[in-house]
Structure formats: structure tokens, C-alpha cells
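Each of the next two complexes has chain A plus one more chain, namely chain B in the first and chain C in the second.
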Partner chain A sequence: MIRLSQSQRSGLVGAALLAAVLVVIGVATLYFGSRYQIRLVYSAYVNLIVVLGLQVFMGNARITNLSHSAFMGIGAYAAALCVTPENIKKISLPAAPWGLADFSLDPVLSAAIAIVITAVLAFLLGLFIVRLTSIGATIVTLAVLVIVHAVFLYRTDIFKGNQAFFGIPQVFDLGWVVGIAILAVVVCRLFRESRWGIQLRASADDEVGAAAMGVQIYKLRLIAWVLGAVILAVAGICYAYFLGTISARPFYFNHVFLTLAMLILGGMRTVTGAVLGTFLISFGLEGVRYLETGPVLLGIDLPEALGLSGIALGAVIVLTMALRPTGIMGNREIETLFVRKTF
Partner chain B sequence: MTPARPLIDEGRASQADRMLTIQDLHVFHGPIEAVHGISLNVERGKCISLLGPNGAGKTSTISAITGIARATGSIRFEDREISADSVEARIASGIAVSPEGRRIFSNLTILENLTLGAALQRDQAEKGRDIDHWFSLFPILAERRDQAAGTLSGGEQQMLAIARALMARPKILLLDEPSLGLAPKIVRQIFDLIGTLKDKGMTILLVEQNATQALKLADYAYLMSSGRIVAHGTADELGKSDKLMAELTGVA
Partner chain C sequence: MEYVIQQGLNALSFGAEYALLALGLAIVFSIMGLVNFAHGEIIAVGGYTMVAFAALAIGNPVIVMAGAVIAAMLASLTLERVAFRPVRKADPTTGLLTAFGVSIVLQNVFLMFVSPRPIAVTSLYFLDWPIEIAGIRLASLQVFETLTTIVVIVALMLFLRRTVLGLAVRAASLDFEMVRLTGIKANRVFAMAFLISGLLAGLACIFIMARRGSVDPHLGFDPVLKAFVACVVGGFGSLPGAVLGGFLLGAVEVAMLVMLPQSLGGMTDAFVFMIVALILIWRPDGILSPAIEKGDKL
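The block that comes next holds the complex of A and B.
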């Protein structure tokens, strides 16, 4: 049996509080939401899992990662290739190499294979990335994003590029993604408060000091990197299993930028920050999209303002970095808001 | 393994008392040699002080003992050659350090900083008991256990750095300039604390520029200058050789 440390036990309290919030939002949407709203909230939960996967590495090692959407895409495509029925693949991927169109597996096995493939790729790449300085690592992750996107786009015989990869069984509903998001929150909190998580955060504060305490920085970065990639793969699978169609575009710059803004706004150092930032931006953007259409507000006929959501995301990043660089939550997790303030 | 070679300071201590023995230690920072072949002994239960001005090679010596600086020569700990061991292995065998400039992790809570000191302690219950023990000795840290360590004052940060080192349950405690940058009143508090630890039987290697305070505590002292040991003796002997002391550390 795994014995949990003091910090991990308080981490579980925090995770339970966040889980309660996630359940309430999910249940309310399920009972009162329209089809469109359910879709919207589902995508917010998928983005939450992405932001959590990003937080594991970026928040603990404090190295900016820009390749997360690519890993989400790898997970989504790998699962889609396994799970899509043969007869559909024969039509949509007539030129598929290596017999990719000649088999299909059940959703659970497909998801497991997708997770393993993503984890192995992340591990091999991670061997290089964890040894780089933070700026070097960030530039390499950017290159990875571009490379993976190019592969999705131009290996049309496997990934169909910008065309829809269709026929994925739609096995997930909102309940599934809420459950998986809660699981991701628990995993992220337990990792953050674990011996490894604390050591990794220490190395982000003072690399030399941490090394003197016997912290094996490269090893810990690699663990966080691979764990993050696994969570990102799960997000990709949730995306594919709900929509039934995927294409290369959603796993590129726009999505990187969106999820990065979520993490930065909420605060990358905490899991609470990841959850808060995701919901603030997901719901905030819906409001902005409404404004984009040029509605009549308080008797004023507003002009159409296309592109407003992009500007709003940029503004969120700039303002957060300028006014509160550690995000809304800073170093504080949700449960510490309920104990006596010592500051 | 290096065979037992003749030690300096023959007759000062019997073999059994020697906890840490360093012979002909050269320490390098990249291509630059910072320490040019020093030898020293730390006996069990004693407080040994390493004195000297800035740039004498004191911190380099500590870094070589903890294993974060490249070094040649022999470092024997409890009759075992450790100079090829990893940092982790040295911590595991009982060497802990409160580094120069304290190097506490400012974004981590005080509790998390302490946990880091016990990185090799797998038993959570034992770890919890150790934390409670040190919190009872440092009530000021206990009050702020969930606060970011960066919010502590300099003296409190030094206490945290010492407590963090003690969390590893070391056999020898290396203290690198614990008085650096602290107000005189706080310096006295820190030295009182070191005195308490010594009275409880802790073996201490104390690196200091503040020779007056350090010699009050130390049983034996080495004086370093430009990467060499230029004098050594009991605290009384070294304290009285005031010419050398005055020259190197400004203590008349």
C-alpha cells in the first residue's frame, strides 16, 4: 500500500474540493444545458485535461512547453486509427500503409495503445528536452509542434491532413469527461505534493541548491514530462471519442495559445490555477464570441468585431504577465484559502 | 580504494574517533584549481571550524565533501572512501549541508523545504515525527509551516536551512557561513543554536568568516588562505596566534 505524506493528504482535500466544482458544473450542464451548451462544456473539460497535462511539467519544472497540443493530437490520431471500424477505414484511408486499414480494436484497448505510443514518443524526446536550459527546451518544443503538425498535414494516407478523419465511435459523453478530468486533477495534485513534485519545484527555484540536496533534476523532469504527455494523450482520446471526427488543425497554434492562456491566467504553479484559468477563459470566450457578432446591448447596437476573441486571449496573457506573473492563484492551492491566513 | 596513508596531526585523535578525514584534496571549478591539496580531520562529536577570508577555498572544500564540485584526493567518511560517491549516496551515508547563502527554496512552503532535507527518508511516519521534532525546536518555523519560505527573514531562513539539513538525520553537519549577512543579534542566536546541537553530540564542520564567534564554539580550527591551510590548532592556540588571525580575518 502506498503511504501518503502529510502534503499529499492535504492535496487530496484540495482535489476533492475541485472535484466537487467539476461535478456541479457537469451535472448542471447535463440537466439544464442545451445540446450546444453540452458540447461547449465538454470541450471545456477536454481543455481542462490539456491544461492539467501542461501544468504537470510546466508548473513543476517551470519550463514553458509549446508542444502540448501536438501530444494531444498524437493521442487522438493513434486512438482513432485503432478504434475506427475497418469498413470505414477502407473508404477513408484507401492508401493506408502497414495494414493500418485492416484492423480495428475496441475503444479501451485503442486508448491504451494510444497512451503507450504517446508516452514512448514523449520519453524519447524528453531525453533531450530535460537536459536543455529553459529557453532551449521551449524552442525545441515549438519545433516539435511544427514537425508533428506537418506530419499530420502531409501524411494524408494515414492522417487525412486537413480533411476530417471520420468514423470514430462516439463512446464518450459528458459524464465520462467529468470523471476523467477529476482523475487528472487527483493525479496532478498527488504528483505535485509527492517527493518528486516537491523536489522538482525546488529545482525550479534553485537548480544548484536542489542538486546539493541530492535532487536528480533530469530524472524528475523526465518523469513529469512523460506524465504530462500521458494526460495530454488522454485529452486527445476524449476529444476524438466524443466528436467522432478529428483533423490536424485543432492540434496547432490556436489551441496551444488558448490552453497556454488558461494556465497562465489561473497560475501555472498550482492545479487549482489550472482549473480556474480553464473555466474563466472557456466561459469568458463565449461572452466575447457573443460580442463578436455585434449584438444590441443596453440599447446600443454594437458593431461586428471579428477577431475579438484572439485579441482577448492575447490581452489576458499580457495583462496577467504584467500585473500578476504567477497567475491568479500564485503558489496557493484551493484548500489553503480555507485555513487561517498567515501572511 | 586508497590505503590508509599517514595522517597529519598524528596523535591528535585515535583512528576510531575520526569521522571525516580529508587528505591532499584539490578542488576544481572548471579548469581553475580553487583548493591546492589540503588535509583535515573532523572527530566524532566535535565542532571543527574552517576559517579564512573570502576566496580562501572554504566553500569549495564543502562542495567537494558534498560531491557537487570536482575534486581529487581522498575523502574518507567513517573509514570508507567516499570521493567517488554520488551526492545522494553521500547524503545517505550521513553528510548534510546548510549551504552558503542558505539556498532555501523560496516558492516552496517551510514544510516542503523540510521535506526536501529528508529526500531519502521513505518512511512517511518517521518523516512526520522528525518534522514535528524540529518544529518543536524551531517554533517560529512551526507557526509558518504553510507559508512560502521566501517570506521568512534572513535569520529564520538560516534556521530553516539548518533544520532542513538535520532532516536527513546526518552524522555530520556541514555549516557554510551560517552568519553571512545577518544582524549581530541574529548571529548570536544562530551560534547559540549551533552550540545546542554540539551539546547534543552532533559532529559539526563550521565554515566561517566570523572567526570570533566560530572560535568560541570550535574545539579545533583550521585557517585557510588562497586554497591552502596556513595554520591549525585548538581554538585557544589559534585564537592566540593573533598576528596571523589579524592578517587574514581582521580579528585582533
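The block that comes next holds the complex of A and C.
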């Protein structure tokens, strides 16, 4: 029997509370939602997994990462390349090298391969990234994003660039993604409260101090980086397994900023913040998009306003940074809202 | 030999543009630790000002260029007031994210109130004509751009070394609290830095517009991404570093264009960013930044 510390026990309680919220939203959508709404909520859950993957590294090591959408893309493309049936690949990728068009695997094996490929790539890149701090590290992650995107666009014989990579069988439905999101929440929360997570957060507060106490900063950052990449790969797989088509465009700057805004609004230091930010922005943006189309509200015919959602997203980032730089949740997790701390 | 000189001059003019932009980023960063990603949108403000002049049927190039530069300076000052004052004391990451937010807001404001499509601006085409000296073909624009950058560097150096406000700006990048204790108003120093940054963006805007001939909401994003990279490579916050980084990036980019086989044409950016990443891994704080031990109190 593993003995859990105080914070780990409260972490499990917090994860359970968040899981309950996720289940309620998922079940409510399944029973009452239209097809369109189910799609919408599904993508919110995929973004939630992305934000959680981002939180593992960014929230604990507190180094701004801009390459997360690239890792999501790697996971999505790797799984898609494995799982798509041969006959479809023969049509869509006639010039694929290395016999990529001559095989297809079952979804579970494909997902496993995609996760391993992403993890190995992340590990190799991570060896360099963890040695950098603040702006330098951020630029290198930016470079990773640009390079991966350029490869997606350049190797059209494998990735089809900006055209749709189609024919991916639909494996997941909303229930699956809710389950996976809950798993991701539990993993993130347990990592945060684990020995590694605490040491990593300490190193973010005071790098020199933590190192003097014997914290192996590079090793811990690397662990968080690879774990984050694995979660991002899972998010990519969920994306590909539901939509059936992918292209390079969704894995670039727009998505990076969208998910970054979610994490910042909720508060990147906590898992609760990641969940809260994702749902606030996902559902908030949907409302703004409705206004964008120029609806008739209370008898007033509003004009069409393309770009309103972008303005809202940017304003959320600016206002959060100006008014509450640590996000809505700050350092508080969900259970601390209910339980008074006794020490 | 001629080919080498030709490409060398190309690299110089590419580098001049990046250096101009990188200086605008570096002067703000050196004082308040802000990575101003909204710099690109300042350039776009200049571009849209040119559109406005065209709509008013004002074709006088001097007015158009001066108008664009002044608009860029005013926009830069406004951003300092509205968006960046609250995060003045925050850490670089907070500032970076704020700047990203401002940049997204402005891009979408252009998209919403002007047009998502590119708008042609023809009033600056006259700046660009081919020159041929001793068998080397050049565009006049390249010459103007390189000369402007040199003038800007000299002027900036004179300002920073010979005037009181310039001295205050330099001192502020070392120890801001101390500067305030000597009785210099903090707001004036910040305003000055943003004003210079806006001026540089306005000048860069003229050259970018003369070359592209059109403006769209994302006009400034790519150039500033490159300039940002130049800054980091040269040593963030160091003005000589920004210039060095700009010219280095120009050289790397031209070298990539020349040396990569045609079939790898789409990968230029990937290779440029790879080299940048390697430089940062070699020297994490950039080439010209002073060695700082972690934990040093600055």
C-alpha cells in the first residue's frame, strides 16, 4: 500500500471533483445536445486535453511553451498514417515513401505508435530545451513549432500539407474523450502533487535555491516535458479519431494562442485553472461567434462583425495579464474552495 | 566573384531590415523587459495610414511617408499607455503574453473595421527601380534601406550617448530604480523608448510597403517574428546585439536561399529557425549578452 501525503490525498479529491464536472457536462451534452453541439463539446474536450498537456510543463516548470500544437499535430498525423486503410491511402497519398501507403493497423496499436513517436521526438528536443530558461526556452519552442509546420507543409507526399488528410476511421465518440480527459486530469494532478512536481515547482520559484537543495532541475523538467508531449499526442489522436480528416493548419499559431489563452485565463499553476479556462473560453467564444454572424437580438439587427472572436480572445489575454497575472484560480485548486485549510 | 558580391549585398539589405525591426524591439526590452510582439501591428498601422491617405487622394510621397511614421509613433505611445503600463513591473513572460494578446486584438480590429483582404497601396512604387553598377544588379530600395539603417544606428547612438534623456534611457536599462531616484520621470523614459520603437517601426513600414505594395491585417507578423529571433540571437536587450542579430539573420537567410537546392525551397524558414535554435543552445542568452550567473541580483 502506497502512503499518500496530505497534498496527494487532497489532489485525488480535487481530481475526483473535476472528473465529476467533466462527466456532468459530457452526459448533459450526450442527452440534450444536437449533433452540432456534440461536435462542439468534443472539440472543447480535445482542447482541454491539450491545455492539460501544456499545464504539466508550463504550470510546473513555468517556462512558456509555444510548441504544444506541433506535438499535437505529430501525434495526430502519426496515428492517422497508421490507422487509415490501405485503399484510401493509395488514393490520397499515391507518392508516399517508405511503404507508408502499404499497411494499416488497428486503432489501439496506431495510437500506441503515435504516442511513442511523439514521446521520443519530445525527449530528443527536450534534452536541449530544459537547459534554457525564460525567453530563450520560449524562442526554441517557437522554432520547433515553425519547423514542424514547415515539414507538414513541405512533405505533401506524406502529410498532404494544407489539404485534408482524409479517410481516418471514426473510432472515438464523446464518451471516449470524456474518459480520456478525466484520465489526463488525474495524471496531471498526481504529477503536480508528486515529489517530482513539488520539486519542479520549487525550482520555478527559485532555481538556484532549489538546485542548492539537491533538486535535479534538468531531469525534472525533461520528465514534465515528455509527459506533457504524451498528453498532447493523445489530444492529437482524439482529434484525428473523431473528425476523420486533418490538415496542417489547425496545428499552428491560431491554435497555439487559443489554448494558451485558455490556460492563462484559468491560471497555469493549477489543474483546476486549466479546466476552468478551457470551458470558459470554449463556451464563451461560441457565444461571441454567434454575435459575429450578425444576429437579431432584442429586436436590434446587429451588423456582421468578423474578427470579434479574435478581439475577445486577445482582450482576455491582455486583461488577465493586467488584472490577475496568475489567472482566475491563482494557486488554488478546486478542493481548497470547499475545505478550509487547518494548518 | 560578382555573384558573391551580389549575394553579399542582398544579405546586407535583408539584414538591414531585420536590424531596423530588431532595434525597435530591443530598445523596449532593454528598459522594461517586454518582448513587444505588437510591434508588427504598429507596422500595419503605418500601412493602413497609407491606405487612408490614398482614400483622401493625397499622393504627395513626403506626406504619405511622414504620415505613416507619425501614425506608427502615436500608435506605439498609445499601446504603452493603454496596454503595457499595467504589466510594467511584471516578469518577461507576463509581458510577452500581454504583447501577444495586444497583437491578436489589433489584427482582428483591422480585420473587422478595414478588411480581411489585402489592400493595394501604389503610392510608394516610385522608390523601387533597378540599378546596375559594374555588373551588379541591385534594387534602389535595397540601397535606401541599408542607408536608412546606418543613419538610424548612428542617430540612435548619438541620442543615447549625447543627450540627458538618452543617458536616462541607457541607465534605465541597468537600474531603473536608481534612475528614478535621480529625479527623472519614469513615464518619460518609457514614453521615449516606445516613441523610438514606433519611429523605427514606421521607417520599416515604408520599406515593407514599398516592396509588397499591399497591406493586410497580418502584414507585420512575419517580419517581427524574424526580428524577434534576431534580437534573441544577438542577445536580448542589447542594442548592438540586435543589430548584429539582424545582419546575421539576413546572412543566414540569403545563404539558405542560395545554397539550398530548389526542391527544398519551402524549407528555408525551417532551416533558419533550426540555426537560431542551435545558436541559442550554444549561447542561451544570445551572442552579445553579458554573462550573468543565475541568482545574481541585477
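Note that the second predicted complex is superposed on the first by the 337 of 343 C-alpha atoms of A that agree within 3 Å, B and C clash if a C-alpha of one lies under 4 Å from a C-alpha of the other, contacts with A are read in each partner's own complex, and residues count from 1 in each chain.
Basically, contacts are C-beta pairs under 8 Å (C-beta built on N, C-alpha and C of every residue); 3 or more make two chains touch, one makes a residue touch a chain.
No experiment lies behind these values; they were computed from the predicted model shown.
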Chain A as common anchor, with chain B and chain C clashing or fitting: fit
Contacts of A:Asn331 with chain B and chain C, given as first, second, both or neither: first
Partner chain in contact with A:Tyr31 - chain B first, chain C second, else both or neither: neither
Partner chain(s) touched by A:Arg195 [first = chain B, second = chain C, both, neither]: first
First, second, both or neither for A:Ile311, with chain B first and chain C second: second
Chain B or chain C, by number of chain A residues touched: C
Included angle at chain A between vectors to chain C and chain B, based on C-alpha centres and rounded to the nearest 10 degrees: 80
First, second, both or neither for A:Val208, with chain B first and chain C second: both
First (chain B), second (chain C), both or neither touched by A:Trp98: neither
First, second, both or neither for A:Leu260, with chain B first and chain C second: second
Lowest inter-chain C-alpha distance for chain C and chain B in the superposed arrangement, angstrom: 9
Chain B and chain C contact sites that coincide on chain A, given as residue numbers: 208
Touching residues (chain side chain B, partner chain A) in the complex: 63, 66, 68, 86-88, 90-91, 97, 99, 103-108, 111-113, 115-117, 119-120, 123-125, 127-128, 131, 143-144, 146-148, 151, 164
Touch list for chain A against partner chain C, complex: 62, 64, 128, 131-136, 138-140, 142-144, 146-147, 150-151, 153-154, 207-208, 257, 260-261, 264, 305-311, 313-318, 321-323, 325
Touching residues (chain side chain C, partner chain A) in the complex: 35, 83, 86-87, 90-98, 100-112, 116, 225, 228-229, 232, 236, 264, 266-267, 269-270, 273-274, 276-277, 280-281, 284-286, 294-295
Residues on chain A engaged by chain B in the complex (per definition of touch): 3-7, 195, 198-199, 201-202, 204-206, 208-216, 269, 331, 336, 339, 342-343
